[in-house]
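Before anything else, here's the structure in question.
So that you can tell them apart, the chains are marked A, B, C, D, E, F, G and H in the order they are listed, and the count of residues begins at 1 in each.
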Amino acid sequence: MTIAQYLLLSSVLFCIGIYGVLARKNGVMVLMSIELILNAVNINLVAFSALTDNIAGEVFALFVIAIAAAEVGVGLAIVLLIFRNKKNVDLSEIDLMKG
Amino acid sequence: MSITTENEQLAYIASQAADARVNVEVETDEGMTLNLGPQHPATHGTLRIIAKLDGEKVVAAEPIMGYMHRGYEKLTEVRTYPQVTTLINRIDWLGSFANEVPFILAAEQLMEVEAPPRAQWIRTILFELSRIANVCLFLGDMAVQVGATTPVFYAFRDREFVLNQIERVTGGRFHPNFDRIGGLKDDLPKGWIEETRGALDRMKSFCDEMEELVLGNEIFQARTRNIGVIPGDVALSYGLSGANLRASGVDWDIRRDANVGLVYDQVDWKVWTHPDGDSFARFWVRLQETREACNIIEQLLGSIPSGPIMAKVPRIIKVPEGEAYVATENPLGEMGYYVVSKGDLTPFRVKIRSASFSNMSITPWILKDVFVPDIISILASLYFILGDIDR
Amino acid sequence: MIELLALNPSWWQETFLIKVPIGLLAVLLPAGTIVYLYLFKAISFMQSRLGPMEAGPYGSLQLLAEVGKWLQKEDIFPSKADKFVFAAAPFVVLMSTFLLVVVLPAGPDALFVDLDAGIYLAMAVSSVSVIGILMAGWSSANKYSLLGGIRAAGQLIAYELPLILAVVGVVIQAGTMNMQGIVLAQAEGEIFGWGGIGNPFILTQFIGFVIFMIAVQAELTQAPFDMPVAESELVTGYLTEYSGIRFLLFFIGEFASAGVFSAIAAVLFFGGWYIPGIDAGSQVFNVIGPLVLATKTMIIAFLIFWFRFTFPRFREDQLQRLAWKFLIPLSLVNIALTGVLKVAL
Amino acid sequence: MSQLPGLLKGLKVTFRTMIQTLFPDGLLKPIPKPSKGALTVQYPHVKEAPPARARGVIALHEGNCTACMLCARECPDWCIYIEGHKELAPPRREGGKPRQVNALDRFDIDYSLCMFCGICVEVCPFDALFWTPEYEFSELKLADLLHDKERLGEWMETVPDFEEYEDGSEQKVRKVPR
Amino acid sequence: MADIPEHLLKRAQAAREKAETEQPVDEQPSSEPAETDTAVAVVEEEVIDVDEKAEKTLNKIIEGLGEKVLSSHIAPNRGLWIRVSSENWRQTAQFLHDELDCTFFDWLSVIDWMPSPYGRELDTEQDIEPEQDSTEPEQMEWGYTGGDTRFQLICRVYSISNGIGIMVKADLDNQSPRALSLIPIYPGANWHEREAREMFGVTFDEHPDLRNIYLPGDFEGHPLRKDYPLLSRRMKPWPGIVDVEAMPGEDK
Amino acid sequence: MSDFLRSYLTVAVFGVLACALVGAFVGLSALIRPARKQDQKYLTYESGVDPVGTGWTQSNIRYYIFALLFVMFDVEAVFIFPWATRLEQYGLFGLIEMAIFIFILLLGLLYAWRKGVLKWS
Amino acid sequence: MGLVESGKMPKSLTKLLNMSRRYSMWVYQWGLACCAIEMGAAFASPRYDVMRLGVIPLPASPRQADFLVVSGTVTDKMAPAVRRLWEQMPDPKYVISMGSCANCGGPYWDSYSVTKGVDQIVPVDVYVPGCPPRPEALLEGIVLLQERIMNEDMAERWKGDPIVVE
Amino acid sequence: MVAQNVFFAILALLMIVSALKVVTTKNIVHAALWLVLVLAGVAGQFLLLGAEFVGVTQILVYIGAVIVLLLFGVMLTKASIGDEENINMPNRVLPAVIGTLMFAVMSYSIIDSYRGEELPKETVTNAARVSDSIFSDFIIPFEAVSVLLLAALIGAVVIARKEVA
């Protein structure tokens, strides 16, 4: 196993995530794409941690997981709020200033 | 074999359309419409409740009845008096002996006959036995509706003993057709009184079990206290009767206050009331009433007078012209018959005042701003029998 | 156990020829026993009835009849349902059960896997079934199902926490997340210096045990926590539209998880395969260990069904309140106490 | 929480019942005997005996029936079908004139319609109809629920005797013609 | 449905004879309210025992409502009937509720006084088709307190404090029977009125929701009206006709 | 392969086993079960009448708060488990660290509690 | 697929399958009228305890039910629902008609709102007479149905027509 | 090592396919379910890398909690069965181009700088090690996480309360 294969995998996920974020209009979908990106990052962290035998990478992966959870929570709350007000979760139609 | 003839098919389609119309009527744009019934375990068969929800909260609920409407009032007009007796057994099918009594009493009033004392005694005993058979099931069923499975098995178990006693006398487990204008069809069989005492003991221990298993259970209390509160004056204006009324603190019992033809004045008993008016109170009152019924029967069993069981009535019964309304305190509440006679073999018009119909008419009022699970417990605590609503 | 048979199989042989069949048994057998013994029989006795009697002596073949019957039932996909998700939901639910079973030790060597993070993994996969339930509820395109599914998920996550937190106390005491290690810690532990019966954590972690059992009851959606499948209002909740074999799979899943959770409780609080009096390292346990564990499991499972058939159910909000306002704070207190004691002693 | 006592009491009740069912002879003889402890009557093997008055099915004592149609007329469901003809029967007393009697050609009760009210039995002036507590006559076909004269006659065997009355009664115990 | 069946003529004849012979003693259908008061005053001479409670209540009602009470009837210890016109229907209820403390709403219904045109002779196999419009109002007999019209609204309210129930009747128009709804006074009247509407076709004004309560929405007719036929009864041959074949040589 | 990976492979095998079991059951059943099309059989069940409304609801938003709380405490569990195994080594220091951590999270629960989102209206 | 319909099932297997259907009959909790109480007694009363026969009264949804007991009066308003629920049950499914009302309209044979017999709406396998039938009579009906299942030709049943018993 | 590579390939394939599904499917619930597969794959990769604790945590937090949260959110926003209209931006070519370009650049640099660098064999980090690391080096971030979670919760509660009110 080489580190490169993990990094490649991670970059694939990352780019798919980027595509999702850009191509999706639905708020929940965008959140999911962001999850993809974060996971790509995590793979990198853990892979490097294994490469250098340094535990810090893994610990940071843990923190990322925790933060991702918080991020989804808040993100979804916002999406829900938008939904309640607008009856859809269409991000392109949202004027954030008026919320 | 499915004889779905063309006519049948047409009727079927037509009624489907009618159903669809109801659906459209209740359709809302906001929130969700939850449909309970007609086939739904919570509705004792065939009631249908349409509840408009906001989240888990009920905004409005509308009962739809008539799935059990069998046309009693029309049928009584084409049946002779003895045939009516057997038909109306089936209105409140759990306490069916109690169904017969007010009708027979009304007819007796019009004919100006009175049943001999022995018949009155036995009537009262059977009346109370059917109350036990009826309310006993309520106690179990209410527990089922709030989620406890076992009590209903106990209810059915111990109810069998009471039914046995009813069957030994009348021949029917719950459609006795035993009451006759002027008395009773038959007398008690030998050994019955002793056996009944045994059944009553069983019932009393059942009540104790219910108290331990259900009434005293904290979860049950949490589910029923302060749920579905009916104030006394509202209850009156909706015509609630029976234990539902007494659970709202109104001290009114036809057996004590407007007794006709039965011998409640001969015994020493108590009318139970509860000030709260919530589901718990209704359960509590009924539990106490079951005990009280045991008490009444025990006193009566010891004092049955001897004598005939039939007064003198003509063989072919024609009830003289007149109108009479007699109500009794049935297990479900006030049940009365308004009998109009024109002197024929058949009654001219019988208006059946059934308890559940009035008791249920409060549902749109009470099922507001409650949670979905509360619909169930409130309905269960109001205690209705579909036949008694729809007739 | 394998050593006893004087075989030396390769890993593949061991996994597919021994562990897989045993794993199947370990899931299905307790499920069957629980259904027959408790759901059919013990409950009937509690209601002074008999339960199944006709199929086989004392109805013992009832379960076979059930399986045979369900196999023959038509498998209905409601036309409005999301067919793919509808079909996939039983997989997820059953998978969660099977992944739970894998960490259970049944003797010093009789185990499927010996994972460092054993109980942690168990806690992790136990929450997977929530997804299955949400899938089932959503894909049925039925109001009762959806309401039931959301209620179920809300309840499962609310009680997942007390479940996890109750385990933490045990982990603190044992100092390991390894299930085998937890058993050994109980076998070799002492209570205030007295090691006569080891230290089954039920004694020192009683609060934890109570919380754990309440949470398990809720996780299994058994009364008094059966709001999601509340018959009297939501018909059968998220299962309403399931028929035929798929329903049976959910049914198996439900009772298999009852068995597995009971087994986990047995391991965590009752010393697993260990019985006092015999040296924990002894080979004897490779033989009697599974039996001991099964017995303990069954006793705990009885509790579950005893409660189920005695209590009325909570309302949804009461249930949530119980979890958030009572169980979670209590379990945190429990952790704190255990931690303080551990550090102090 | 003060929640425990009520819950525990409930547990006690169910547990007690289970023990009573399992060990009907008390815990001193701990041999499980649920079939004794449970209240169950194990139906196809054991049958319960309903009380004598139970209204299970109607039996016809053909000899007594005069085809007077009273039962058919009073039946609220119109489910008794009678056809008869007149016949000469041997005289009651020796040497008397032969009597003219109505003989039955057809006596059917449609049990799919019957409401088991007992009116027919009650109105029959000639003691030709009796209740028996039998209840096992389910059918796979609806038409089979129409019991004809013979079938109704067969039920006669199962008619129990009338019961004695409780003290203080003035009713007379009737006899079942056999 | 050509000519009038014989049995119906017989029945009508019998009814007429009966009406002639047994004139009702106390409940004369009165057209003018002036006579009503006297009718009220001479209640029930044939009965010996007197129901004091009922009489006191009746007096109070007459005091309060005056001429609105068209007639009344007391059956000792059995009940108290009063009759008002349909215009005064709600006022009467309001009065009973407020002044006499009749807070308990018992029931509400309708009586169709038209004799049923259907029937069966003991020796006919089939039910008989009725003559169209064979019944005129004068054939009708009314019960206690008399009446004018085919449909009579009847309602019972109860006063728990006084321990007496009062039955109120009101005549309804023959062509379009209607009355004011009692819901503002007794919310419980809601379903009863829906039922009455469905069964008799009586309209209740100001009722919020007069949908069918029992029958499917597309059900036609009002089943409790006397002229609503029970089809099955007319289709099925009556098994009760004496069907004993004669002896040979004997004629029927 | 290391024991570690083998163990997890076994875990994976069990996951596959579950699917195989389900698949086997469904496949077996497909062999013998009937399939009788009746138009109404596939309608959504709703107590015997035509389904009312679209069947979709915005359910209670409170569920979402519960889910969020759950996520929060789940993350807590992530840290508390390894901590629990090593508590003996950390001693008082570890205890205090974790106490602060939990305390902050409890603040969240308390906040939600006080704001009344744990209640139903 | 369709092994049964093709008629290629071995005899012994058919028997086994019939047997399992016989001993596992889930009936769904639905009562209509007075008879429902006697049905309830048969299901829930320890004296009758229908579970002995393998009849499990658990499901509340027709999707999991094997047979339907029409226990009581079917009104014209109710009839579509009965039909619908029966249709929503998965095959193989059975119907027991319990009581005079379900058989033929019973006491309400002349009513304007009652369906005269449930067999006009759904095919019925067993008729239990009585008004109400005692719980044991229902048990007899169930035993009868079980015997019928035991002897039935699966291929016929799979096609959906109830078997004709001579 | 062959076995690891095989499993890596299987998992990677699964993840990529699922990830593509996540961003292309038209049904939100389906997307969430595909995401589950991606996340499970990630967990598998962690385990392959010997990071046991992180792998299991991935299951516990992501699959057990975050996905549930997402599904809840989806169901609260009326996810209908069947495909949804209007779920994608009108223009999807540009994102696709951006994504591909980025991948090209990244893969080039990765291959360029890490070609052939083997991972050490069989390193397994157990929970204890992770824990020790947190409670020695990362104690501040650790406490900060709790504050962050608290903030997220409070934010969400505020938003939700606005809604309830």
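By definition in this document, a residue touches a chain if its C-beta (ideal position, glycine included) is under 8 Å from a C-beta of that chain, and two chains touch if they have at least 3 such contacts.
What you see is a predicted model, and the numbers here were worked out from it, not measured in a lab.
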Can you name the chain that lies farthest from subunit G, using the mean of each chain's Cα atoms as its centre? A
Any chance you could check whether C-D or C-H wins on number of contacting C-beta pairs? C-H
When the centre of a chain is set as the mean of its C-alpha atoms, what distance in Å lies between subunit E and subunit G? 44
I'd like to verify one number: the distance from the centre of subunit F to the centre of subunit H, where each centre is the average of its C-alpha atoms, in whole angstrom. 17
Taking the mean of the C-alpha atoms as each chain's centre, how many Å separate subunit A from subunit G? 55
Averaging C-alpha coordinates per chain, one finds the centres of subunit E and subunit F separated by a number of Å equal to 65
Going by the contact rule already set, what residues in subunit A reach two or more other chains? 62, 65-66, 69-70, 72-73, 76-77, 80, 83-84
So subunit D residues touching two or more other chains come to 7, 10, 13-14, 17, 38-40, 42, 50, 54, 76, 78, 115-117
List, in ascending order, every residue of subunit E touching at least 2 other chains. 214-216, 223, 228, 230, 233, 236
Quick one: in the complex, what on subunit B touches subunit E? 14-15, 17-19, 21-22, 25, 65-66, 69, 71, 73-74, 77-78, 109, 233-234, 236-240, 250, 252, 257-258, 321-325, 327, 334, 336, 338, 340, 342-343, 349, 351, 353, 357-358, 360-362, 365, 390
Partner subunit B, residues of subunit D touching it in the complex: 3, 5-7, 9-10, 12-14, 17, 39, 50-55, 74, 76, 115-119, 122, 131, 163-171
What residues on subunit E touch subunit B, complex-wise? 18, 75, 78-79, 81, 103-107, 109, 111-112, 115-116, 141, 143-144, 154, 156, 160, 163, 165, 167, 185-188, 190-192, 199, 211-218, 223-224, 226, 228, 230, 233
Listed in rising order, subunit B residues that touch subunit G in their complex are 1-5, 8, 11-12, 15-16, 18-19, 38-41, 44-46, 66-71, 74-75, 78, 86-87, 90, 93-94, 96, 137, 152-153, 156-157, 159-160, 173-175, 386-387
Would you mind writing out the residues of subunit B in touch with subunit C in their complex? 32, 34-36, 40-42, 56, 143-150, 153-154, 157, 213-214, 217, 219-220, 222-223, 371-376
